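Contents: one structure, followed by commentary.
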């Protein structure tokens, strides 16, 4: 088992960016194209991309971008992993708030994706999604950081 | 959907750090202030912060820093997701060890947080927590890495 | 609570690499040694390592490298967290596909590990594992990125 080196080089630049995403309640919003366009626009061809979600009731996923049924089943899975009713103590912000925190904990708020030859190294079936876990529409802030050359 | 560039610039410096946290059994210990102070002290104003937990039975979370009931419900959620008794094969280190490994797997041991204008880009309600999953008090090692300029 | 600075310095170089791992159905394949060897070979002594899995039905874990029973119990935990039969809508790729996506969502596809004094800062009991979640053997692509000096 041996790792093959793809590239080696200097490191010179960084850029940060922000995306404000409007959600329509529980669901996955794909942001892959917007991210690919921004990465390309920075002119950084080789480096590391970080995606960070500034919320505790919305999260980031890399998941299948082909069959929409996958996203539907993922939402059902969230419902089973963090049920809406489970005797929560924290209920002041509504019955959807605590399960939203747990779903965010399970799926996470940061992603790291290497960039090679000007493109994210996502696999063929991988898309980047913002997952909204609250019932009502929200505006969600996502921060991007790209470092490389 | 278009990402707005916040900053662009050179990249010059890095720093690494270590925090040893004493825990008192299952629970969340907030480390946000210590991290903010260290980031500020490095003088790096723009870049990427990485937080890494060197254990397999303690993990890192970004979660709500307002109502303590949220943390209580998160611990209950861990109990439900990785029950204390589930016919585990690995029992030599006690009944709390295997659920601790599973809880660590679910929540993760690394976080990536962009730094802009001298501050972590955490949202208003986001705090950084070390989650202890073993019954007894432990000393836990957390490593920090900051790269930027 | 105060973070102790371990190192400070310049930032000059980056490298990326690729590992193609053959899996034999559900299970964990340890890749720690291959990663340590590659990190060492780059000559980068201080920096940040990123590991990225280019799939939506295989994931990355940092878990205990001592007792193999831990890995066995982790697989059982995946079975309980994302059961094989749960009334999934997406079934066209077989009964193991949708649970594989959910298990990947729970455990994640990217890891960030600081490198200090030429070595990953993994704890004594931490190993890096590729987790295969499909029934049949697959070839899985893992990308590495190291930045530092």
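Note that the chains are named A, B and C in the order they appear, and that numbering of residues resets to 1 at the start of each chain.
Just so it is clear, contacts are C-beta pairs under 8 Å (C-beta built on N, C-alpha and C of every residue); 3 or more make two chains touch, one makes a residue touch a chain.
Values in this document were obtained by computation on a predicted structure and should not be read as measured data.
Q: What is the Cα-based rotation angle between copies chain B and chain C, on a 0 to 180° scale and rounded to a multiple of 5?
A: In degrees, rounded to 5: 120.
Q: Taking all residue numbers at the chain A/chain C interface, are over half used by both copies (same) or under half (different)?
A: Comparing the two copies, chain A and chain C contact each other through largely different residue numbers, since under half are shared.
Q: What whole-Å value do you get for the distance between chain A and chain C if each is reduced to the mean of its CA atoms?
A: That pair's centroid distance is 18 Å.
Q: Using the touch definition from the top, which residues of chain B touch two or more other chains?
A: In chain B, residues 11, 48, 81, 106, 108, 111-112, 147 touch at least two other chains, as defined above.
Q: For the complex, which residues does chain A have touching chain B?
A: 11-19, 21, 31, 33-35, 37-38, 41-42, 48, 50, 52, 54-56, 81-82, 86-90, 92, 98, 101-102, 104-106, 108-112, 141, 143-145, 147
Q: In the complex formed with chain C, which residues of chain A make contact?
A: 1-11, 46-48, 61-64, 67, 69-70, 72-74, 76-77, 80-81, 106-108, 111-114, 116, 121-123, 125-126, 147-149
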